[in-house]
Structure formats: structure tokens, C-alpha cells
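What follows are several structures.
There are two complexes below, and they share chain A, which is joined by chain B in the first and by chain C in the second.
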Partner chain A sequence: MATATDAKKRMVRINGCVASAQAAKYADVDVIAAYPIRPYTATMMALAQMVANGELDAEYIVADSEHSQLSISHGASSSGARVFTGSSGVGVQFAYELYSPISGSRMPVQMMIADRTLDPPGDFGSEHTDALSTRDMGWLMGWSCDAQEAFDNHLIAYRIGEDPRVLLPQMVCQDGFFVSHITGDVELPDTGQVKEFLPPYKHPYPLDPRHPVSHGPQIMPEQGPPLQLERARAMEESMPVIEQVHEEFAKIFGRKYDAWLEEFMADDAEVVFFLQGAHAVTARFAIKHMRDRGMKVGMVRLRTIRPYPTERVREALSKFKVVGVIETNMGLGSVSSGGVLYSEVCAALYESDKRPLVLSFMAGMGGEAIVLKEFYWMTEKMLEAQKRGKIEKRTHWVGFEH
Partner chain B sequence: MSTKGTQIPDWLKVPFAGITPAPTQEKGQDLFPTGNWRSIRPVYRDKLPPCNNACGTNEKIQGYLDLVKRGKYLDAYALIKEDMPFPSVTGRVCYHPCEQACNRGKYDEAISIRAVERFLGDLGQALAKDVVKPGEPNGKKVAVVGSGPAGHSAAYQLARLGYAVTIFEKSPKAGGLNRGGIPDWVLPQDVLDREIERLVELGITIKTNVEAGKDVTWEQLKKDFDACVLAVGLIDPNSVRAEGENKEGVHYGLPFLRDIGMGTSKVKLGARVAVIGGGNTAIDCAREALRQGALEVTMITVEAHPQEMPASPEDLHDMLEEGVELMHGRAVTAVLGNGRIDALQLHPAKFSGAINASPINVDKAAKPERFAVDNVIIAIGQRASLKWLPDEFKTERGTIKIDRFGRLGDTNFFAAGDVVQLGSGQPLMVVNAVGDGKRVAFNLDKVMRGEKLEPRTIPVDVIFDLNRMNMTYFPHFPRVKQELLPPTSRRKTQEEVIQAYTEEQAVAEAARCFSCGTCNACDNCYLVCPEPCIVRDVRSNGLYKILVDYCKGCRVCIEECPTGCLEGVPELDFETGVVRMDTAFAISPGLHGRQADELKHIGDRPAKNI
Partner chain C sequence: MPTIEVQRQLLPILGSPNQGARFFNPELPSSEPFVPGHRTCAGCGPSIQYRMTSKAAGDNTILVGPTGCMYVANSSYLCTPYNVPWAHTQIGSAGSFTAGVAAAYEAMIRKGKWQGKFPNIICEAGDGSASDIGLASISGALYRNHDCLIICYDNEQYANTGIQASSRTPYGGMTTFSPPGPEVPEGKKLFPKDLARMMAAGHPHCYVATASVGYPIDLMNKVRKGLNNKGASYLMVYTPCQKGFVYETPRSIDLGRLVVECGLYPMWEWNPEKRAYDYSFRPQTMRPVSEYLKLQGRFGHLHAEHIAKLQKFANEQWRMMGVELPEALIQAADAKNLTNMSAAAEAETVAQTI
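Here is the complex of A and B:
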């Protein structure tokens, strides 16, 4: 078996892509399926170096497309290997066929995603639509907001996905460029810590010529629903596992994450931003800036969108007057005619006694940063709605309105 | 949680994520019986290979070629012996209608079936004890008159069925036409002797120097035996009806060969010999004449071209190689000479109708040709000698009158071989006589057991069209040639002209067989099935099993079957209304099935009761 070089805990300054590659190395992956596309490519470059210089003993397979990458991953995982793959933007889309079969056959493949806007035409910037469009395919999914969290989320996701109670694939997402290409301080753990946290992968029914089994046979129409139900159960039953794993992670590595939500200056806030991923870093700065000026604003960051923590979202958001969803994704012709996060928020709040007003902000699109004055602008819109007791309109295209 | 309280009924419970055990394991494919999606079902339906069909005695040729290919020589020998008592003989002398019918002949070159048969025959000859055993004695006695191919075959099969068989042979040595009609350089005497010994080993009594009608009469046969097979052959040679045919130096084909074969020949041939006739016996006579010292041998035929001669092309080729000349389109009209032949008078001639089977038109008006010879051998066929037989059992052609089962009226006499086949349109050859003997033996057995004789009604499917097989699996590969003695030396000796296959050659040639329409356990279906629904616990012919619970009828195995033995049979035969599907449209206790049942009883029930 492959072994990461024995290492003591140390601080390094690396970007999100390299942090993901480091995480794969620490997870001692067996098979890596690579195919280049910006911005995630740097992860595979880093892994190629590690395999080449003997730091990591893994099968590094260069596929001929993303579809092949995921097919290779599916097969490798079926044979009992721990698999790492990844992609960005349209590459994520090209592999779409494989997402349901992989989760359907309950193979805990891990896919790193550094978001990229979908065409047209080619835009390298980040937008969450690539991964979000696959959100209902039975993969565990969540966003990191910086390189350290990215590193940690990869280890956490393997541990959850490979848990025999779960056995589901995972998309570990980070914003392209904002995380993938921005360097930050990352604590690389002691190898012993990882060994303690992440046991070797063991699928209960791997493909093995000595004990033949069939994976993914054709079934009868009436045999479909039970399998779907079981996949739905696995998704729901993963929730306590996710919480337990986050606690164990905190115990072993000393970094405590809430499994579902990060709340920032939300305790006494009246209006909050609700978002995922890297814009949380600028949002924290902006919120402090606004708080200095007496505005009661806070932030709730969603860390895990699949499975979706409906109850937690309802509990967390019901206490505010206005929620402003920063989408960073496209939901053309959707409920809000903005992004898809809005409907997830509203659905969670529907059964609440105290429903806040909800606004959808189309901000950070195409890989643009959300600047301070835009945070002020959005906060103003939320405060106006609070004052008036109703919203002016559901969706605002930030930067295109007065 | 939305999935809280959900339950999956037992009949829909499946293993984790639809992962199933292997088909060979317990339960196997039972979990996902998707076979009911199928509209056609692959069925192994063996056809009759064209070689088996063409063979006069329906040897299971494809079967023994396959066994030889797999190195199971003894099994192959046992298989051939079911239909053929002396493969060592037919492996040398047969005019192999099987090879003419061989589908491979349309592709590159026909399989050299006769050579493989000889390989097996020689293997049998070397065995200390034959694989064939006599049947449990049934207390019945059968006489077989004649020990040629038909008599030999009938006696052999009857002994295997448990009869006490006695053969009566007119000549001092048994063998009939095998002995007397086939030269040593085609069939060495010791090979035939060994096969006759095999008959004795089966408990058959052979009485030589016993002539029917003279030493044993019709009445005696009737009285002393429960039944009798007459296989007396055609003995008397046909004459050319030419003036002076009784002159010294005139010989007839079969007696000429027979006397040499029996070692009683007193014939001394001159330098120039003519052979009259264009058939296989004429060819044997011409080639024998060379070996008896003739320097120039000329074959004179009515046929206008070599292709028209009713002869084996291979033998004709070998004869020409040995230096025999051909003279076509002529008939002998007189034998010239003073007491002894010194020349033939020839006239132009041709057949009046169908070649070889119609009266000859001789152009007497043309100027006669004088052809100087020292001897002439007339080989234009034989006729039966049946003076002793009751008239009611004779035909106008001078053959024995039988019904379609080979029986003489309602007597317990049967007849087989040339003596009944002459003029039937069936070519007269050893293998046809063997087949006749075999069938008559089985018919006789039925009569003895009091069973009714009925013609066969099962239709026979023979693959003649190469498109019914998958030819991509058969690369072109030339026939393995049998070695021949060089023509210059062989024309002077009695040594066998055609040499036997080595083991390697026999295997290589057998491996060329297409196995037309018959499963030869090539494993292709097993390998190409995209689902594991073909199992082969027992790997031998036709013993693959298709798991129909799982086969979705994708046709891949059918399309990829090299031999064409796999066929797609419609599951729903709308013409006959036959439903072959054994799993209907839903798994037995399935949702669809239940609903269909419930709908029948729904009636006018109110909504709350539905």
C-alpha cells in the first residue's frame, strides 16, 4: 500500500490546489484519475510530482476526458481502491453521466472541484454552477472557503463517504482562484494523526475474481424504487455520521468546524448574508466594517449543501429579519429567476413560525470579487426591506442596479 | 427525516446497492430476473452438417472431426464405428460425397474427411481389442448372403443388435467388392483381412465357398434362419455387344481386378492395352494394367470430355499422372483379330440423352477407326445374377424387388447394396452400400421385434448457405495434402499410392472444420454474452446452459455463433399464439402482476376501497 512520507505537523504556505493535493497524499490514495482543466489542474500537477518523486505510491492515470476520469474512478473504487479525481467547470459537466451510477453503486469516490464558470464563452472565473448542477445526484457536497479548510474537508469527506453506514461519493468544492490560486497558511498534520482519523478503505463487496459479484446489473422497473430509497436513506443517515466525524476531527486535529453552518457575528444580527465558499472571507471583513458603523449585519455560511441541513437552516435563519442569499451560481428561470440557493433557503424556512424576508443577490458572478461597497449596497437593500416589512423584489443583480 | 418509517417489502429486497452474487453462486441471477424483457430467446438448435447428410451411411463426420481436433482419437473412432464398420477401408476407397458437400469447399478447400477417416481407421486396426461389442444375444439367427460392403455392414449392425449372424460368401475369401473390386495399391489386402477378423471377433460366422442358389437355397435360408439379408452385389460384367468380343485377350473389369485381388489371376497383358469405360472401375483397371506390365494404356470413353466421366476427379488426375491416355467420343463396334485380339474397331459415338444414363448413339455411317491393341479390358458396369431367386422378387432391370424399407414383400428377407441400388439413381459406391446395409439391419430388427416400419418424418435442416454461419471466425486455411508416391515409380508397384496422415496432419485438418450448424463447444457464446447468462459447468457439445431468467435476448451470442447452431426463437409467437416466455412481464409477485390481478376485481368499488 501507498504511504505518505512520515511527517511531523508543520505550517506551510500553499494555495488551495496544492492543499487538496496534499490532502490526497495524506489520505494515501491508491488511484488518481487526472485530466487537465483550469483552475483545478494545479492539484493534478502537484500529485504528478509527488508520484514521480516517490512521495506517494499511487496509480496515476491520465484519462482522455472527464467522462473517462469518472469511469476510471468508478471501476477503481469498485475494486476496493481509494480514489481521487477532480475537475472544473465544463469538465464537471462532461462527466455528468457517471455521477448517478457512482452514487447508485455506492462507491465513495472523491472528486475535488475548483469551480469555474460554465461557458459561454470561456471564462476562467469562479461560479458554483458547475458542481451545484449535480447536487441531487447522490454525492456528498460542500464548499471550503480557504486552503486550510480545503485540506481538512478532503480528509473529513473521505472519512464520511467511506463509513460503512454511508458509502457515498463526495464532491469537495472550493472556489476557483479565490481558494485554488490564493496562497495561505496551511497546517499539514502529523502522519499519525491522519492514520488515526482515516482508516484504510474497505468496500463490503469489491470486485474480486476470487469472490465474483456483479455490480450494476439491469433490474426490473419495480426493483428501481427500493434502490433509490436506499440511496435516499444513505444520504439522510449520513447526517449523524457527518456530525460525529467533525467532532472526531476536532479532537484529533484541534480545528473545530460546525458540520453544517458557520455563523459570523450573527448572534444579535437582524439581517444576514447566506452564502457558500470563498466570498465568506471578504464578507467577514465587510461585516466587521459595517458593524463599526452600527449596522446589525451578520453572516451564515453553508458548509455542507448535500445532505442539506434543513432543520439547522430553519433554526439558524428564523431568528433574523432579513436573509440575503449571495448566490454565486445560475438558476436561470428558477423560483427567483436568480440562483438556486434561494429556493433551498426558502423551502427550509417555509414551515417556520417566524419567517424572515429573503432576498437573492446575484453577486460574485463570472469570478468577479464582491467588493466592500457592494456589501454595503446589499446590506442597504436588506435594511430597507426590514424597514418596509416587505421586499421590493426577489432578486437583485448586484452592480447592475442603483 | 423523510425516509423515516419507510419499508422495503421482502420480495423487493435486494443486496447492497444492487450488487449480486455471481451467477454460479447460490441465488445468482435470481435477484434480477430481467429475462422478461426478452422478445427472442437464443436456443441451441443443432442442424445436420452437410457432410453427415451427404454421407451414404450418415457418419457423424462433424462429431469425429471435433473429437480428433481435441485429441480424443478413441472417442472419435468409436463414433465413426456407429455407422461405419470399416473406416480403414472407406478411409482409402470412398469417393467421399461428404467432401463434395463440405461447405468449406465453397470457401477455400473442402476438409479432407477421408484422410481423417483413414487416420481413425488405422488407429482402430492397431487396437488389440475393438471398441465395438456384440449385443446381448436375442436368440435369433440371421443369414447374410454376400460379404461385400452391404453384407459386411448389415452383419456388423445385426451382431451389435444381438443377432447370431452367419455370412455366406461365394468366393474362397470374404470381402466381396472390397476384396475383388479394389486394387491392392488402393486397399492393401491385410487391411481388409483385419476388418474381416473384427467381424469374427463380434461372433459372426463366415462360410466361404458357399454360393446362393447352389450350395444354399432360398428354401434352406427360409427354414434355417429367422431372417436373411441378401447383399449379393452385381457379379456378371456387362458386355459391349461388339462382334468378336469372345476373342482371346478380351477381359472384363471386375473379374480382372477380382482375380488379381484373390491371387488367382492368370492374365498376362501385352504392351498395348485399351480400357473401355469412363467410370471409376475403368480407371482402376487402367492403372492396374500399368502395374501388370502394359506399356501403353488407353482409356476409350463415349463421354466427349473428361468432366463428363462418372469418375472421381482425383483418381482421374492420378491416373493421367501415371501416363494413361484418354480417347473420347468413341464406341467399340468390333474386336478384330484372328482368334486373338489385335485391334479394336471404333466408331464415333455419343449418349442419346443424359450423359452416362441413356442409350448410346453410334455413328455407323462414319469411317471406322482401327485401334491396334494387345488386350482390351471392358469396364462398363455389372449386372446381378439372380437365377435362383423366386421370380416375384425380381425387377425388370434384373435387380431384387424390395419395398422402401429394403424388404422383399412380407417375408423376412431383406436386400441391400448394389443389387437393389442399381438403376435407382443412387451412385453405386461402397459407402452407399454400407449405409444401405445399416438401414436394412435396423429395419430387419424392427420387424423381428414386431414393430411397424414407418418412413422418417422429422424434417432435416442442413446448412448449405454460408451466411447462416459467422464466417469472420474462419480464416482461410489450405487443406492438408496427403502425400502420394511419385507417378513414375508407383505405376510399377502394388504399393499404396496415397499415404496416410500423421497425427499432426489429422489434427490440423480436423481443426479446419466449420462444424456447420452444430455446437462444437467453442465458448464463443460464453465469452461474448454481455451479461453472464451463459454457463458452462459441463464443457462439451451443446451443453451450455442459458439462464433465461436473465437473458434479455440481445442476440449477441446468436450473431457471434461461428457455427450457426444458435437461433433466435420469438418468445411471443403471434401466429400460433404460443407464449414461450416463462417469466411473463413482471417478476412473479411483482407490482405489475399484482395490479393486473387487482384490476380484475376492482368493479364499482368506491375510492376508499381501492
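Here is the complex of A and C:
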């Protein structure tokens, strides 16, 4: 399909932040709303330079807060512009009020998130709690594990979110530092490929003086259920679109991603890690090492958490004996008294005839790297549970136990 | 990169006398971007203002409505009073959402994605939004100079939530968050935030003005000046609230004049080119504040000392505008003199003596 223009593709070595900025440039965004907070800031720095150089024609707005960033994005998207914004950590939370209004008005705003631990204490490291705390606000949401995937996910997310069958905002997440600040080889496409994949943004009911519409009027309680049902359905009905867009992406760009899950050495595995984001890169190495020692371990990486692929997770995980959920998020006082991924996994498995044992590993908190020996340790815990046929302890704080 | 030049609208300034309003004015545009059918209270100052300002703006207009009376009472789902595009936004998003709309149109017209003259982009923020929760977002929009007009319809309280004090509630104003009692006889103890001057001082490149529903032609001209100004403009409009101020419903426009005549709502324009205030607006009469206060239940609990304090405040406003004060108003700023005016009838004579 796009082979005629392949010659203009090029490989560059960039980090996740710059990859996201490049994606926004390729998407020819109209309005950018920036506000500084580490580590995502580098994306906005790169975009500012592109606008200054004349490489990208966009309104670059330095907002007065994250709340304003998202409000600017809401206003611009409502007017018919393609919008790019982003944040990290407490910045994601400062804008919290806007997440529901944006998805409720069905505006496909795109937000890049480079995760950062919430306060206290001040900590730059990656923890997924910032974005995950907004997971039920009606935004499409998923994690990349390296710079190339981050670049690709931004284009894919625009395409899905702006599809008239979907019209939902998107959070395109990457781990702070592990992805945002580590360089990797990224293939930048030819603009012709992007044009073919991503048509111009056209909202059916923008704020246009020629076709007056009212956005977001007050409702009476009895008008609430149908409106909420419609938003829930939009989320549900985005699922086939998400799959279709991933297939088209593979055809045009030559990189094939499963829309929902990456399975690594999982075919004959008996115990698997279940996680999101950058730690999957370390996990792959650890799994190879453990395989050399004869341990039947694999990994299932969740690529899209909203909408949540319940059936896929059930099918994928039911065939294992033990699932070890690596949280990298805080769910204080939650079901597992650990993170929030555990309950998502268990709920998906509840209707399965063959339920694996599920453990929750609190690892990588505060942005601490999860090192190989910790993956070995977690594997041993899973194998012990498999041998015993039951779990002794649901939640393990990795590094605090023997 | 080839770009398309953005064409902007230029609205004519009305030549009708500034003060006159209660007659048919053939100069007014026939368009009605804000139509009847909403649920605002009888005599609602903000909605009178809304009709005037949107009429002055015309049909190539986009309205932004942060949460407040003009959102809750106006926009009912399936029954909207707006004949032009309108969007709700959060109460703290007044300036930022508006900035997003303006930025979108700059980019879309420049990039050939939308054809036509740049629309009038007007934000209608209540004083709660403008002086408190949305202050930073409005300051951001003014500072960045987006081509838009931000209006603060100032009813001096959070009215839609049931009359709570805002930073614009006057000294002595009774609200449900500033009730008078034996320990706090005056109710509201603080004087209001001087919001419009703050906007002019902090964003001197913007057109900033104050207006009142009591002077509709002046208001509409200020709206047009604000819209014609390429860049951000800010307008603060006195809009009485019958429910919160507690007055006789037909007297909204009278209050809109009295508040200016008694000096509690100075009328001025900030000229961004000259970087100077224009204080040339003069009401037909000057009156003591008591003339304005006595019409409103929210001031019914005030003692002479409180009224004198408000008179002192009004006198300071007059002085700031360079107006020489008549002796009677200086006298009225002293509680002793006020208590000497034993009857309301006697106080009323002050107006004539000026």
C-alpha cells in the first residue's frame, strides 16, 4: 500500500518524549497546550522548537496550569481543531476535573502522559498511579514500552479517537524516564503513510457559527441514564474499531501490534507476569534467562487498559497455573491492599472455568527499577505457589521479603 | 509554510446618546443570538446583559459559558436559548476554554481548514468564576492576548448555588456565607476585590472596561470595542440579582444606574494604546450610597457606621476617577452625620442638595 513512499522513511535515535513530539508533528496538530512538569516536559520542549523552526504550524499555548491545559484542549477540540496536550504525576491530577467533561462531550483530545509518582514525597520516578487514577473517566488508555511504540501509539490513538464511531479522548501513556528519557531506534514514517492512515480531524458537531449547536447544557436527572449509557456504549463499541485500526496500521507501517496484549514466551508457560509499560523490557530478558534454567515462565503485557479487554484477558490468562501481577501503581486499601491491576485481572478471570492463582507484586514503586534478580525472586514465588496449589500470601512487596 | 491571512470583523460603534435607553433604537441589529425560553428569574440582571452583549456581537459569534447562573438557568438540555454556538465549560475554565476556541480558529483559518471571518469569541463568566476560581485561567487568556472578549457578569455573589459571598460581594452584603449576627453585625466584613483594575493593571495590552445594565448603549459599545480590539479584552458588567439583592423585580435597570450614580461602581475604560484610564463617563446625578442601599434587602441590617464605611469607599472611588466630591457626600462618610439624618425623607434630600 505505502511501499511507493517507503524511501522517505528514516531511522532516528530518540527518546520517548521526542518520539511523542514527532508523532504530534506527523499528525499535523493545530493546537498544543503545554505546561511544564517532569518528565513529560521534554515533549513540549521538542514541539516548541519545531514550531519555532517552522516545521510545524500550530498554536503553541503555554498554559497557566494543567487544569487550563485540558480546558484549552477541550475548547480547541470542540471548535474542530486537532489537539495535543500532556502531563505527568500530580499534573495529571491537577487537571482531573476536565477528564469527564471532555469524554462526555465526546471530544477526541489526545494527552501524552509520561508517568510520575504522585506526592508525597516529591519524586520524579515512574509509577502508573497518576494516569490509572483517571482510568474510569471515559478516556481510551494504554501504555507503550519503548519509544517506537510510543510514536506508533500516538498515531493509532488519534485515528481511533477521531473515528466518528468512537469520538473519545485518549491518554497515550509511557513510563517516565524508562521510556520518556531513554533513547532507542525509532523509524519515522513518510508523511504520505501518515496521510493515508490518519485522515483530517472532522468532528460532526463543532462550535461553528454557521451551524449553531449547544455543547453541554444542563440536564434533568431523568435525562442522565440515556446520556451515560451512550458514553458507556461509545467505550464498548470502540473495541472493534481499535482492532481494525491496529490492522490497518500494520498494513501501512509494517509494524504489527496486538491491540490488547503482548504475549512473550507464553505459549507453553505455566507461570506468567502480567504488567503494563516499560518494565516489560526487563521482563523479557529475565524470562529468557529463566527459560535457560528450565523455568516455564512467560509474560503477558497489557497494551490497552481502557476499554478493558475482559474476554481477551480471560482467554489469555486462563491457560496458566499462576499469574503474577506487577502493579507499579498504588491502590491503597484496595482489594489486594496493593495495586489496582490485581482486581482488573481477577474480575476478568472470575467467569473462567480454569482460574489460575493470582499474586500481586508491589514492585517499581516510586520509579525504582525492577531489576533482573527481582524478576527471578517473583518467578520463584509464582513457582512455589504453583507447587503448593494455593497462594500463601496475596500481595508481596518486592524487596521487603525473603 | 504557506498560510492564509486571518480576516477579522469590525463592528460599528453606536452613535445613540450614551444615557438614553428606554426607546426603540433603529441602530440596534435585529439579530437575537440569545432568545427567550430560558429559566432565569424575573428581572435577572445577567440575562438582560446577555441579550444586550450577544445582540451587539451579532451572529458570527461563539459563546462560552463557564458554570454559573448563565449556564444553569439558561441552558436546559433539548431547550437551548442560544442561536449561536455555545459551549459549557467548568467554572474554573473560563479563560482557558475560551483561549482554546480562539487558538483553534487562528490555526484552522491560517491552515485553510475553516473559511470565513474570525468569529467573535465571548466568554460569559460570573463573578465567582472571574474573581475566584477561574481568575488564573482568565489572566492567562488576557496575558497571551487571544482574540476574544471575556465578560464578567458581576452579580456580586455566587447566585446560582443559593447566594454565597464571592470576592466581589460588597462590604455589608448579606449572603448565606456572610450572614449578619450579633458578633458580625455587618455580614460581609471584606471589601470587594477590585477585579477590573487588576485586569487592566496586569494586562495593560488589553482593552478593559466596566459597564452596567443601567446604560445599555454604553454597554453594547464597550462590547464592540472589546471585540474590535485584536487581542484579548475584558469587560466587567454590573448585573443585579433580584434573588440575592432582594429588591422589587422591575427595578433592575434602576439599580444599574443608582450603583453608578452613588459611586460604588465606577465606570471607566482602559485604553491599551494610550496605556491610560478613560474616566470621561459621567452619570447624570451623584447620590449618597444610602439611596442605592435602601432598595435592597441584602443591606437591610446595616447600621449607620456601616453605611458611612460604604460611603467612604464610594468617595474613594470618585476620587480615583478625578471627581470632586460635594460636601454632602463627604459629610455622609461620617456615621455621626448619618444618624443625624433621622428620617429616610431627610436622607433623600441629600440627592437634591448635590
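Simple rule for what comes next: the second predicted complex is superposed on the first by the 395 of 402 C-alpha atoms of A that agree within 3 Å, B and C clash if a C-alpha of one lies under 4 Å from a C-alpha of the other, contacts with A are read in each partner's own complex, and residues count from 1 in each chain.
Definition applied: a residue touches a chain if its C-beta (ideal position, glycine included) is under 8 Å from a C-beta of that chain, and two chains touch if they have at least 3 such contacts.
Predicted model, so just to flag it, every value in this text is computed and none were measured.
**Q** Look at where chain B and chain C land on chain A after superposing the complexes, then choose clash or fit.
**A** clash
**Q** If you stack the two complexes on chain A, which partner ends up touching A:V31: first (chain B), second (chain C), both, or neither?
**A** second
**Q** Touch test for A:E236: chain B only (first), chain C only (second), both, or neither?
**A** A:E236 sits against chain B, while chain C stays out of touch.
**Q** Considering only the touch criterion stated at the top, classify A:P101 as touching first (chain B), second (chain C), both, or neither.
**A** Only chain C is touched by A:P101; chain B is not.
**Q** Looking at chain A, does chain B or chain C touch a larger number of its residues?
**A** So, of the two partners, C touches more residues of chain A.
**Q** Quick one: classify A:E222 as touching chain B (first), chain C (second), both or neither.
**A** first
**Q** Per the contact definition in the header, classify A:S73: touching chain B only (first), chain C only (second), both, or neither.
**A** A:S73 contacts chain C only, not chain B.
**Q** With the two complexes superposed on chain A, say which partner A:D208 touches: chain B (first), chain C (second), both, or neither.
**A** second
**Q** When the complexes are fitted on the C-alpha atoms of A, one of 240-248, 438-446 or 528-536 in chain B overlaps chain C. Which is it?
**A** Clashing stretch of chain B against chain C: 528-536.
**Q** Residue by residue on chain A, keep only those touching chain B in one complex and chain C in the other, then list them.
**A** On chain A, the overlap between the chain B and chain C contacts is residues 105, 212-220, 223.
**Q** Residues of chain A touching chain C in their complex?
**A** 30-31, 33, 54, 57-59, 61-65, 67-69, 71-81, 83, 97-98, 101, 105, 200, 206-220, 223
**Q** Going by the contact rule at the top, pick out the chain B residues touching chain A in the complex.
**A** Result: residues 1-4, 6, 8, 12-25, 29, 32-34, 36-37, 531-532, 552, 586-587, 590-592 of chain B touch chain A.
**Q** In the complex formed with chain A, which residues of chain C make contact?
**A** Residues 1, 3, 59-62, 64, 71-72, 75-78, 80, 82-90, 92-93, 95-101, 103-108, 110-111, 113-114, 116, 119, 136-137, 139-140, 144.
**Q** For the complex, which residues does chain A have touching chain B?
**A** Chain A reaches chain B through residues 104-106, 167, 204-205, 212-223, 225-227, 229-233, 236-237, 239.
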